[in-house]
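Presented sequentially are two complexes of chain A, the first with chain B as partner and the second with chain C.
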Partner chain A sequence: MGRLLMIASVLLLLLVFLSLLIHLVPGDPVQIIMGPLASESFAATVRQEMGLDQPIPMQVLGFIAGALQGDLGNDFVSNRSVVEIIAGVLPHTMILAVSGLGLAMAIGLPLGVYAAVNANSMADRVIAAISITLITLPPYVAGLLLLLVFSVGLAWLPALGAGRLDEPLDYLLRLVQPATALALGWIGYLARLTRASMLEVLQANYIRTARSLGLSKRRVHYSYALRSAIIPVVAVLGVGLGHLLGGAIFIEVIFSRPGLGSLFYDSIATRNFPVIRGSCIVVATLFVVTNLLADLSYRFLDPRIRVEGAQ
Partner chain B sequence: MSDAHASLALSGSRTDGLLRRLLRLPGPAFGLAVTLVLLFLFLFGPLVASHGFADQDISARLQGPSFAHLLGTDHLGRDLLSRLIYGVRIELFVAVPAVFGGLVLGLMLGLPAGYLGGRVDALVLVILDTLHALPTVVLALTLLALLGNSLANVVLVLAVSLAPSFARVARASVFAVKHGPYVDAERILGASTGRIMLRHVLPNIIPPLFLLMAMHLPTAIAVETGLSFLGLGVRPPTPSWGVILADGFDRVRTAPWAVIWTCLALGVTTLGCTLLGEGLRDVLDPKLAGSTR
Partner chain C sequence: MSGRNELTHLRFLTSRRTLLGAGTTLGLAWMTGLAPRLITHANAAGEQVLRLRLLADIQNLDPAFEPQDHDLQVIFNIYENLVSFRPGTFELVNTLAEEWTAHPDGLRFDFKLKEGIQFHRGFGEMTAEDVKFSFERIAGLTQPAIDSPYKKLWGALQEVKITGKYSGSILLKNASAPLMNLTVPNNVGQVVSKRAIEELGDGFGTNPVGTGPYEFIEWAPRERVVLRRFEGYSGANSAYAELPEWAEIQFVPVTEDSTAEISLETGELDFGALPLSAVSRFEENPDFSVTEKTGFAYKFIGMNVNDPVLKDINIRQAIRHAIDVDSIIEAAFEGRWARATAVLPPSMPFGHWKDAPMLTRDVSAAKAFLEKAGSPPPKLTFTYNSSEAGGSTVAEIVQANLMEIGIEVEVVGQENAVAMQLGEEAQNARQIFYIGYGSQGDPAQSMSWFTCEQIDKWNFLDWCDETFTDLAAKGIVEQDPSKRLEIYLQMQKQWEEAANVVWVAWPTSFFASREGLEPSMRPDGRMLAWNFRSA
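Coming up: the complex of A and B.
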């Protein structure tokens, strides 16, 4: 209950912050958005459409009331609803982010387990060095390097666009580089986190018991130890999606993919304020919802949290 | 030996010990070497660079590495190595004040939240969670779109984006020290809340925050470069690494050198600074060893 109240407060404060944001612009916001050549009558229409002709408290309340009903206003350039525009590109970004996170888990978790099981070996040191290098690599550097090698140098993968969802193979081929670019940092991070968590779990009494009962190493590591070790990893996955959405801006721009990131970037470049505001709300909502889901799922994964909660 | 001499000798031997422990580990030693090179280029870059950052030679445009231009040239025939060297100044001119600004803003939120608790703490937590809900780049881009992309605004926007992280650490550190005997003693002696916070709590929570500054320096460099790459950070012709990267990206198929060298410089810098930050953390505060991001 307390957590839900916190989420509601965060989203409410965010809506207030975003509705007031335009007043940070030094001077007349409409003039700055439209440029000095915009006619007075057009500026007046835009001002009215954005609700800027009303007193500030009314603007805030109007925006919050609209957002709660799923109305984020209209884009005055294309005259379409912001929700409709975002809904059109969001699937591409979600596919990108989920593929990136999935790839990171598929590679990062086994790497972390292997490093923990072979702690202090040469392999562990190599994995540690690769992990820290990947963690510190900004996503746009990863994207540019992949583009240089696989599209420009080897010409193995298409560089631009997302393709069409009704042509799955082409879509998948175009997804490989962007998803890998987003995943690289998280592969390193998850490997490191899993290693640390596994090392702790491998010391536990129940693991020693499982080993002494003669269970195979594979079963002890993956069925018993990883199940406990994965709990802190799941906890960061919620935050991970938020980070990936931030990185998606660069990746979508570099690979010319449609998506929330490139929509946000385009609207920043044209100062299309209703779309900037709408994108921010969607990103923040996704972030708090995935955090909540991660929270709930690790309660489910760890019986101790469930028991403490019940008590 | 006088007290001053004794304390000087003690701090000297501590520094020696710290340096020795850092150099014993390959990661932090590499990080220290990278940081020293960056500092050297920051101070003496113009003396080292063979060309000015804006010197153009159109007849030598988009060339690969050669003796005349060790890393090649860009689309205006400017020497890439010289531009990258001058770029170190821009990166540090932005990143260091941004991280310091983040520390100050973070303290303004985290110190009263931790010390006063109650409603102030709850309010600050909601503000921090709200700022945290927007990825750093999204928040920074939104603010830059509204404020305009000058060098000062990039610093301000980065400071705001980094502040929540400092505020959280400051808040947690205040919890650990606010019931210390020296704080209780000051309270009994009738010291004001402001005085206790600034004179007695603040000095005791600074060390972990300085460490966090070192850890956030590569983040600030990476975000600034990213913003400039998108055309919303430092403006051309200022040789920010992001500007060099953006220029190179436009011609990546025909002349990839600008992208390759800038990615390499950025990769080595963020890796080196992170390894040094982690090394310092492990040596100075072993309790935090192993925590990442």
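Coming up: the complex of A and C.
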């Protein structure tokens, strides 16, 4: 309950901040978007539509009240509601972020386990070198390298866009490179984190007991050790989704994919405040919700937390 | 028990190995070209598709509201004008109009429409009623009135008088010479379906209806805009163009230049704007041809003439003589932009001052002007808009050039909204600045920002010259082309005397088109996608 209240407070503070954002940064959004040709009457109409002609406290209250009812205002350039605009692109970003995270987990976790089980071996050192290289590789550089190899050099994969959801194969092919570019850094990070966590767990008495009972190495490592070792990794993944959404901005721009990231990028460039505010709210909400889910998943993964919680 | 588990596990491994093996084989087959290549240029029906780059996504395809150039590139295919520029030239040719008569006083234009021109998607035949609605709507004369940002371009409109189902007259309150360059053949002169706007309301901007060679099919935000060849097209432009060739045109927003280059090379785009850094590479590539267009925009280094230091013309002249514009063009624009010598480029329909003086860097002359000014000026601030291409390089060169004559310069890169702030306070903070202005193809618009009325608005020079301002007013109403030309030449000379700018460049755009594609452009460098042809 306390945690839910904290989340509500965070989101409320964010709403207040976002409603004041337009007054905190210099420049006139109408002037920036429409340029010198915009007539004064048009500028006045837009300011009225954005509620900028009202006292600031009324603007804040109006924005919060609207947001709580799912109304994030209108984009005065396209005359579309901000909710409609975000809803149109959000699925693409979610698919990209989840695919990136899934790929990172699918490769990073086994690499980490393997490195821990074979600690200090040549394989461990190679994995460490690869992991650190991947961690230091920014997603946009990874994206461009992938494009040069797989789109230009080999012509295997399309470079542009997300494709249509009703053409799943095409959509999947267009997802491969962006998801990989997004995942690469996290593969290295998860591998290092899992290795460290696994090394600690592998020293535990219950692992030694499992080994002495003759259970296969694979079973001990993946069914027993990894289950405990993964808890700190899950905590990082909760925050990680937020970082992936941040990384998605560059990836979506480089691959010309529709999504929250590219929407955000374009909106900042044109000072489209209603869309910037709406995108911020959605990203922040996703961030706190995934963190909450990560917290809740500890109970599922570690029975001790359930028991302590019940006591 | 344990042995049984191991056996099951072994089976699983065997099965997984089989799967991995199969996957690897398929992958190798794909690598070696057994699998089909993924990239095609046909739609689901197997028809030819033309794919073009937009520099950013569209936002509104209503001619009354389209906010930026990207939207314009699309709407030129959807809507048509009574008269248009013949592709690649400034020659006015009839499109929707069968007859077009301009009265000598410049207050009346009579038109007679071609009959039987249909709007897309069954919105019926275009009539004079649609023409009246289209123009008066932007001028704010319809009920309920709309607030179009382009209202000023129809500011002289009194009314469009309908004289028959297919005929009418455009009546002006006062003569407006730029009307035939800026208004009638441009987006604000495009004819929309009155019925469609009434039925679709605010949704019209993302679901447009016109009479053009292509009709709007789909907008997938940040992904593509799809236009389809209009099967009911009247052929209104048949006097100067062939029927459209492509079954479908897709406009793909690609913000990132590197991605655009890659997409052109992979064949995912057929045509698109290039960054300056990539022009040479594409010129050398036999699979592409490169088209260049110098539009009507202009870039300059300006000086605030009301600044306590810069109000001294000797200081301004010293700065003008110290700056090495050729080096700026070379370093900031890869030597590819045309060096500007005045406000109007040679590509402008008229008004280019071909004998304008071209300043060359002369350090001794600059120092002589500084001596005339007396004591050397205190540290000056040079601001540039960080979103301006090459802005930081321009700033660095100016800083080095001025340091050589003893003027210390602090360089400040400003975010777009800060750099473009209007008002007295923002103006007083400006000293030397690098800026660019655009124009749609009439000298009146190019110079309109530097009149006295624009002080504390877009006249960042803070320069109020009564003669210049009077001439600007005369240039708008003058109907005689030779007298108009004389007015704008005189205005440029007047401006030159004020010595408040260093002309830098008339930006040039470069476009790559795949071999075998013949692009079609307006003189201002905007695509006419409907007129692209395969060689």
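In this text, the second predicted complex is superposed on the first by the 300 of 311 C-alpha atoms of A that agree within 3 Å, B and C clash if a C-alpha of one lies under 4 Å from a C-alpha of the other, contacts with A are read in each partner's own complex, and residues count from 1 in each chain.
To be clear about the criterion, a residue touches a chain if its C-beta (ideal position, glycine included) is under 8 Å from a C-beta of that chain, and two chains touch if they have at least 3 such contacts.
Just so it is clear, the structure is predicted and the values come from calculations on it, not from any experiment.
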Ask   = Thinking of the overlay built on chain A, is A:242 touched by chain B (first), by chain C (second), by both, or by neither?
value = first
Ask   = Taking the superposition as given, does A:123 touch the first partner, chain B, the second, chain C, both, or neither?
value = neither
Query = Which holds for A:41: it touches chain B only (first), chain C only (second), both, or neither?
reply = second
Message = With both complexes overlaid on chain A, does A:147 touch chain B (first), chain C (second), both or neither?
response = both
Query = What is the contact status of A:9 with respect to chain B (first) and chain C (second): first, second, both, or neither?
reply = first
Task = Could you say whether A:176 touches chain B, chain C, both of them, or neither, answering first, second, both or neither?
result = neither
Query = Once the shared chain is lined up, is A:293 touching chain B (first), chain C (second), both, or neither of them?
reply = neither
Query = Where does A:193 make contact in the superposed view: on chain B (first), on chain C (second), on both, or on neither?
reply = first
Query = So, A:265: does it touch chain B (first), chain C (second), both, or neither?
reply = both
Request  = Return the residues of chain A at which the contacts from chain B and from chain C coincide.
outcome  = 25-26, 144, 147-148, 152, 253-254, 265, 269, 271
Ask   = Considering the complex alone, what residue numbers of chain B touch chain A?
value = 27, 125-127, 129-130, 133-138, 141-148, 218, 222, 225-226, 229-232, 245, 249, 252-253, 256, 259-260, 263, 266-267, 270-271, 274-275, 278, 290, 292-293
Ask   = Which residues of chain C touch chain A in the complex?
value = 2, 5-6, 9, 30-31, 37-39, 56-57, 59-60, 65, 67, 140, 147-153, 202-203, 205-206, 220-224, 252-256, 258-259, 262-263, 265-266, 268-269, 387, 415-418, 420-422, 437-438, 449, 457-458
Query = For chain A, which residues count as touching chain B in their complex?
reply = 6, 9-11, 13-14, 17, 21-22, 24-26, 129, 132-133, 135-138, 140-141, 144-145, 147-148, 152, 189, 192-193, 196, 242-243, 245-247, 249-250, 253-254, 264-265, 268-269, 271, 276, 279-280, 283-284, 287-288
Message = Under the definition above, what is the set of chain A residues touching chain C in their complex?
response = 25-29, 31-39, 41-42, 44-45, 75, 77-80, 85, 88-89, 144, 147-148, 151-152, 154-162, 164, 173, 214-216, 218-219, 252-259, 262-263, 265-266, 269, 271
